[in-house]
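Both of the next two complexes hold subunit A, though its partner changes from subunit B to subunit C.
Entry: the complex of A and B
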């Protein structure tokens, strides 16, 4: 009997819905009138408000070329019925697959950027264009930008939903400048690099100063500029105690007055005395081609470290120098 | 063929090298091989053979063309662990011994900078430290090696050892060596005297001097020796090291200096280090500059073949598959043609 009544009840449903569309207050009488063909054993069900049958999800009506920013115009949580992708997320049970998107809490928890597709961003840019000025026509290449504006400042602004617009992270200011665009001579450059230490990158020749010690962004910016100015001027000055720079402080190997030079000079002098060739002087000895070659090899060996190439070059030059075949 | 001279006994490096080499003339076909390990195939094979390899040949070529009026040239053998530097050094020593040079061989300089007992303040110079045990061992070896020269060379100065003993000017060098061996307290000073005399006299041309030091990077590294007050000893405070450093300087002529770098046994150096600058450090490099670096590398295919052949001939390899092509390829792959590694592998077979 239950099976017989069920289709009748279902057939009555559309009528019930239209009925409800007209009258806002659905009286229990009307409600109870409809399921009258039902048996008395189902009384507990009448207290529950009638549930509409679930509509088919919106995804089924979506075409391929629909206007996506209208589906997600703002940041919204993940709606499985509105996103047509068969996304799965979650740790699978044994021999199972990750959970599907319907009713998936994991997909809800994570932030999604469905409101920021490239199409949406393009629309944003179009809208913002009215508020922008034009890029200066003269600065059409990277080199020109670097030449005229060598200092680059990076700042970050943070917006979040909350009672306050302040964010302590927003005070950080990063100043980047290439040392080649600064007017520094050799001594000044070495001194500057020693002064800044870790903040200089040798491969890209970029000095990066990151300031966050002041509470406001403007103050940090001023401080960064001040630091740059001070560094520049200080590195041009030469202090008294800089004369005591020892070999251990040197950044790279300098041949002049090095032990290597002395050794080679002594050796050559001894060779000359052995050959009874007494009228030589140091400059002459040091000026010969073999010694030049040797000097280059030693410098490259010390600066670049050992590898097969430098070592074999060094070997050849020593052989030539000592006239060994 | 005469067996060569007995060069050294009782050190971990080459044991008695009664070499079966033919004339050490250039002979690219490598001969048999010898190993310097605790297994001591010398006793097993009852002979010690060296493989003639390129680095040694190169060195010998230079040696033959040296001009003894020029200051001594320094050759540094370097290479990865187990490639054969020590044995190339031995080959050179053997060649020079055959040619009647005076050999000054330090089998392992690392032994002088670690685990020494009985450091004494030096009798000659108060700031330095003596090592009587090592010095006396070295003197004994020196005596066995160069018996012939000990009576020939005369000291040029008077050396006073203590109130009762002194060596007069003009007495043979053998006396100094004896003094060092008998009176162990003066052994280090005896070594210093020997080195100084040899350096001075080799320039006169009476003999040719070969200075061969294995593990020369020990002279400029750190030591693990401590004084009584637990302060670390720097290498230059050891009298032996100080004298040896003077010896490897090239301010004398009439001979050559052949050196090897060694990571095994070196202190505070990473295992993979084998390049000259890494092992010698700045000080060592500056002291040895200019030198000729000679790379000793792993076996070439031909050398590998001949090594395997030698093992097979002497029935060192007992595994059935050892003489098959497959077996050889496997050994080649496992050892990567590294002589030391190959020897250790074959020891198991």
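Entry: the complex of A and C
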């Protein structure tokens, strides 16, 4: 270690100064094998007798099986006298080679991962194992996780270089829950979907609530949970004015008491009177197989929209109903 | 003043009614604008000027043959406080220039990792080692107290400026 080569009088430094400061400050490059200071320092003739000769670099004493994590225990800049590799970096001059590692600014500029060799990472993992707990054995499939933990919370934390750890983007909280995991009846589900509007996705049946109006993350989380609770309880209540729901407010097409039902009934009655068949019963007419088929096709056409399948089914049912086949 | 009227196809005519008046009028002589770029470039000499790798490459070689001297997250997309980091950088470079007079062999490199600042400098062996130790400890303590975050100084000594080529 570098401590062995420090002169003795440095040990008398005040206790507040840690040894680390000197180890990193004493760049091993001071000990690179370079000609004596006499040729280099012409200006300081007075200090020449005090100046120590540059020592040979540490790489000359390194063995092949040395413990590398002790050379680079943490992220540190590139030290050419501590890295025993003949690394070269730089755009070469014409008919030249890239510059050597001693005094190479480009090698200093780039971040290096000499402190993260596989051996070092294994050691880190071994040290971290004591703080880890096992995954609960009962939660071995996605469905079980969803069943027991239906609500998912997404938060983001941000790290940046600088003295401040605050980032305004970190306060956003997103809450996702599937409506099938909530205890809602038909009316409650429709009311909740109407209340949340765009936050509900029909294809995945997921309600997404994104809160960022409070300054702190935990405040936004509490607000999101509060919103979910309020939505749930409100959707179970039925207000007075909900009785005035018109057909324009309906989310899907309902056959009962619809104009289509009335129209088909009238048509069938007209057919029956034309055939002089006066013994007709409304319920009986509506209960026949052709009318049921027609009802199904109309409902699917209105709810799913126009596509080839629904249109062709509608055509078949009308033909059967009016006995045009 | 008569305004110059410029139509497509017609040459520009500057109508100056001052020509008719019996008074002296001044003309402006101009030459072609010299648009040479002088930023961070060492002009070529007779072949006896030694330059380091950093000096030899102009700014347009950054990200092609040169790296960045200062690394922080402020200039990434969606990140804040780039200006504060730049102001700190300027101060730290001036501070280093003054603390190690005549000893710096090349530009100072500043790296930021979380809230730490790591200053990497290439120094010549002008001063004895104990003076270097003192300066390092002193500047680390001063800067840490000034910026309220850990500041570490890493020196690498070289016998002389590393010459890349002679221009």
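Keep this in mind: the second predicted complex is superposed on the first by the 195 of 325 C-alpha atoms of A that agree within 3 Å, B and C clash if a C-alpha of one lies under 4 Å from a C-alpha of the other, contacts with A are read in each partner's own complex, and residues count from 1 in each chain.
As a working rule, a residue touches a chain if its C-beta (ideal position, glycine included) is under 8 Å from a C-beta of that chain, and two chains touch if they have at least 3 such contacts.
Note that the structure is a prediction, hence the values are computed from the model and not measured.
Student: Where does A:315 make contact in the superposed view: on subunit B (first), on subunit C (second), on both, or on neither?
Tutor: In the superposed model, A:315 contacts subunit B only, not subunit C.
Student: First (subunit B), second (subunit C), both or neither: which does A:111 touch?
Tutor: In the superposition, A:111 touches subunit C alone.
Student: Quick check for you: in the superposed arrangement, does A:76 touch first (subunit B), second (subunit C), both or neither?
Tutor: second
Student: Any idea whether subunit B or subunit C touches more of subunit A?
Tutor: On the superposition, C touches more of the residues of subunit A.
Student: Per the contact definition in the header, classify A:164: touching subunit B only (first), subunit C only (second), both, or neither.
Tutor: Touch status of A:164: second partner only.
Student: For A:90, decide between first (touching subunit B), second (touching subunit C), both and neither.
Tutor: A:90: touches subunit C, not subunit B.
Student: Classify the contacts of A:260 with the two partner chains as first (subunit B alone), second (subunit C alone), both, or neither.
Tutor: first
Student: Which subunit C residues qualify as touching subunit A in the complex?
Tutor: These residues of subunit C touch subunit A: 52-54, 57, 61, 65-69, 71-74, 78-81, 84-85, 105-107, 109, 111-115, 118, 120, 122, 124-130, 132-133, 136-137, 140, 147-149, 152-160, 162, 164-165.
Student: Mind pulling up the subunit A residues that touch subunit C in the complex?
Tutor: Contacts found on subunit A: 10, 17, 21-22, 24-27, 29-30, 34-35, 37, 40-41, 43-44, 47, 50-52, 54, 75-77, 79-80, 90-91, 93, 99, 102-106, 108-111, 159-165, 167, 169.
Student: Subunit B touches which residues of subunit A in the complex?
Tutor: Touch list, subunit A to subunit B: 258-260, 263-264, 266-267, 270-271, 274-275, 294, 298, 301-302, 305-308, 311, 314-315, 318-319, 321-325.
Student: Under the stated contact criterion, what part of subunit B meets subunit A in this complex?
Tutor: Those residues of subunit B that touch subunit A are 62, 65-67, 69-71, 73, 250-251, 253, 275-278, 286-287, 289-295.
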